[in-house]
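Both complexes shown next keep chain A, but they swap its partner, so chain B is in the first and chain C is in the second.
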Partner chain A sequence: MPRILVIDDDTTVRTTVRVLLEHAGYEIIEAGDGKDASRLLGGVDLVITDLLMPEVDGVDLIALIRREGHKVPVIAMSGGGKVDSKSYLEVARALGAFATIAKPFELDHLLATVRDALASRGA
Partner chain B sequence: MRDETAAVVRRQLQAGIDIVNDGEFGKSSWANYVLDRMTGFEFRPDSIYPPVWLGRDRERFAEFMAAEFPRGATGLPGHACVGPIAYQGHDAIRRNIADLKAALSAAGVEEGFLTAVAPASTGYDASDEFYEDERAYVFAIADALREEYLEIVNAGLVLQVDDAVLANMYDHLVSTGGDAHYRRWVGLRIEALNHALRGIPEDRVRYHICFGSWHVPHVADAPLEAIVPLMLQVNAGAYSIEAANVRHEHEWRVWQTIKLPPGRILIPGVVTHHTTTVEHPQVVADRLLRFAGLVGKENVIAGTDCGFAQIEGLQRVHPQVMWAKFEALAEGARIASKALWR
Partner chain C sequence: MLVDLGPGLLAWLAVLVGAGVVIAWLNHRVHLAQAAHRAAVAESSARMERLDAILNTSIDGIIVIDARGRIESFNPGAERLFGYPEAEVTGRNVSLLMPSPHHEEHDGYLQRYLTTGEAKIIGLGREVTGRRRDGSLFPVHLAVSEMAIGGERKFTGMLRDLTRRMNLEGQLGASEARWQAIIDSAVDGIVVIDAHGRVESFNPAAEQMFGYQAGEVLGHNVDMLMPSPYREEHDTYLSRYLATGRAKIIGVGREVQGRRKDGSTFPLHLSVGQITIGGERRFTGILHDLSSRVALEGQLREQAALAKLGEMAAVVAHEVKNPLAGIRGVMQVLEQRMAHDTSSTQVLKDIVSRIDSLDQMMKDLLLFARPPKPRRARTDVAPLVAITARLLSEDPAWREVDVVVDGAVSPLQADPEMLKIVFQNLLINGAHAMQGKGRIHVAIDEVNTMCQIAFSDAGPGIPDDVREKVFTPFFTTKSRGSGLGLSTAKRFVEAHNGQIAIDCPPNGGTTVVIRIPMNLS
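Right, the complex of A and B next:
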């Protein structure tokens, strides 16, 4: 069962994503910011991270993932009423995020992106 | 019954409601009515079923429950499934349909809806002693309910499937068996509901979930974000949710994360059965404007958190207050529509 690390400082978002993905058969672990997430990267198959967060934000986390040589694909999320999310998503993409998703997102879109990201590991 | 249905339809129209129903006058309750329309169930007067659907609020507020909601403290007798389940309520539902259609015709209204219970909420205080297989039991219920659903839709009415228990079971199942336990329980019942709805156009179906209409603290309620990903799997064109009470109003934020799928409609509660205080129309309008901003103005219908009387002889607010709330709902919707469609 693929293991997915979901990182967001908003528990509403984490719960939504967790329920959706657990129902689809994935194992989910959660973190509330990039600092906590950086300690949970071992053994995960996919990272889904918000970008605007306290402590270590999503952009710094993606940079850290790449700097430390983790091969795990990353899906970056942002938006949901927060300002300037588009430019953050562009930065995430430039840093090597597999995909970016603007909030609000359709649940089917997130599921499809997760499937694609997990499939990309063998590419 | 026909006269009373006609009167309640007229009263809804006078209050400014566009999409009316029969006041549920043709049923004894929102859910257990259906046990009288099915074979297979028998009442067990000597049994006591603990109301696990209250979750841990039963323990957390034990003194309150004993004082103000004794049923919540002790439970009540329920039903048992002791034989094959089959629908036998054709005469009853056809009478309900005929009464509502006659009322609609007399009032010159084209669209009305009838409520029917969902598989997850059927026999919520019942046990299975016949099938001894959860899937077979739940799908037998779904097959029976399908006959009622088809009667309603084939008569040209909108079907509202009521499913309070889907959300109500969250706290009990998660606290006793974990998230996976709840997901498995829900997954089976949503699969069964979609089985019962197969072939019915989604735009003829509304799906209502809530967190229980009883006047209790509701601390054990599920968070909406834990329910929405499951709710959206139901093949319905519209989703009716609580959004007008102090325990759930903040959950509009869920729609900052989740985009309503194309072609679907959200029916947020903008007046509530939880309090006697009548919502100011501007509060109603503000709530609607907020939802319109999140899911699109074409995709919002103003609704109530839940019904105002779920069981024969029980009412959550005085009828005079209920009608005032409906009038506030309609006035608030007019204010919001004027702002959105100018």
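Right, the complex of A and C next:
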């Protein structure tokens, strides 16, 4: 069962993603910010992270993952009415995020993106 | 030496002797008369001296005039009073001691009295005005009596200076006037009652407080100013106090309820003092209206209660939001799995939309209860309103709402996210008021270094009694809604040191005006 680390400072977003993905057959671990997430990276098949967070934000986290040589694919989420989320997503992509998702997202879109990201690991 | 004593000589002698006797007798008579006269003179002069002494030492002025008004006597008291020496006035008309018009008319008075016997002052005495030598006037009490000396009518005037008494009276009057002025201008109500509870004095502040004119209260029982049951019991209190001397309120002061003319009651602080005037007991009540203080206390209590309620709501909202997100997720999963069954997915969509409105309500609650601190940035108001309006128009429910933005101001330091929420709440209210159809006009302007944004809708307006409450949290007239839209808007505007006000013009509609300082200072 693929293990997915979901990082968002908003618990309701984490809960939503957890519910959606658990029912799709994935194992979910959660973190409230980039700092906590950095300690949970081992054995994770996919990282889904929010970009705008207090302390260590999503962009820093992606940079850290790459710096430490983790091969895990990353999906970046942003939006929810926050300004400039688009440019954040572009930065994330530039840093090597596999895909970006704008909140709020459709279930189908999330599932498809997750499937694609997990499939990309072998490539 | 006498050689010839003839009869001629003798006769002459006899005549001489007789004459001598007569002379002697006459002399004797004269002597007697002289002695008597001397005695009489002595006696009369003693009496005169006594009279003089009285006249001279009398504090009162004593003036004697004849029937034509000429001064015959003017004692030192009169000299002191009028400043004239006796010599200067003797023989002159007494009217010189009077001011006009008596000065001119005194001869007439005298004449009238002498012909008709009708006295206006003689035997009566009254207050008149005297005129001193220097022309100054002074109040004097004059008593006139009439006498006849040697068949001649004369009049004696006794004059007592009233200047001092008048001064005293004036001072008394002034101090009374001062007290009256103090009582009249007192902010506190002052009510004086007698031992029977009848109102004797009711000052303007008391009039203001109770809505009664003094005339409506004076002479009535003071219990008319009290609500039941005090009203019925006050006479008992009073008689118990008078009988036992045990005071429940006198000299203590406490909070009681007052009753206005219109029947409404209000809280007041009453302190009662006791005074005895002319052996009669009276009670003075000083009344301080506590309505505003009580209202303020109520407001503070309400605010404290709201803060607590808000905090609790925030905790609940926070705890509710998470499971709600879970439920929503599950519904989405179900929806996906039942994609082939359109009637079931429709039901699930309905559930999700209801969860969404519940979630929105939790968000509103959190925003109100835990308002963010403004994160100020350069904010262009007009485009921000336009963006918010566009977001609104994306909602199908508000598709027929037309938002027109007019005017612009230079950018201000404000939190655009918070202002967006304010604008959104006001636009939604306007759209609601127009049943989702019509034009909302937003006028942006700079007024006295404030950025003014006025949202006007073409709805029915807000009744006065509702308008008072629209900023009260959880107050709503909508069947659905948190009742937090306007109170949150108010909070956010005030967090920007701004103001918000609602106006309903007589020709309909509602205008909500926001003012935010252009400069942070």
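A few notes on this one:
The rule we apply is simple: the second predicted complex is superposed on the first by the 123 of 123 C-alpha atoms of A that agree within 3 Å, B and C clash if a C-alpha of one lies under 4 Å from a C-alpha of the other, contacts with A are read in each partner's own complex, and residues count from 1 in each chain.
Criterion: a contact is a pair of C-beta atoms (placed from the backbone, for glycine too) under 8 Å apart; a residue touches a chain by one contact, two chains touch by 3 or more.
In this text the structure is predicted, and so the values were computed from the model without any measurement.
Chain B and chain C, once both complexes are superposed via chain A, clash. When both complexes are overlaid on chain A, the residue A:F105 reaches chain B alone and has no touch with chain C.
Note on chain A: of its two partners chain C and chain B, the one contacting more of its residues is B. Looking at the shared chain after the overlay, A:T16 reaches both chain B and chain C. The clash between chain B and chain C in the superposition falls on 237-245, which is one of the stretches 129-137, 237-245, 255-263 or 309-317. In the three-chain superposition model, chain A touches both chain B and chain C at residues 12-13, 15-16, 18-20, 23, 81, 107-108. Residues 179-180, 183, 187, 223, 225-230, 232, 251, 253-259, 261, 294 of chain B are the ones touching chain A in the complex.
In the complex of the two chains, the chain C residues touching chain A come out as 321-326, 328-330, 332-333, 335-336, 359, 416-417.
Those residues of chain A lying in contact with chain B across their complex are 10, 12-13, 15-16, 18-20, 22-23, 79-81, 103-109. Within the complex formed with chain C, the chain A residues making contact are 11-13, 15-20, 23-24, 81, 83, 107-108.
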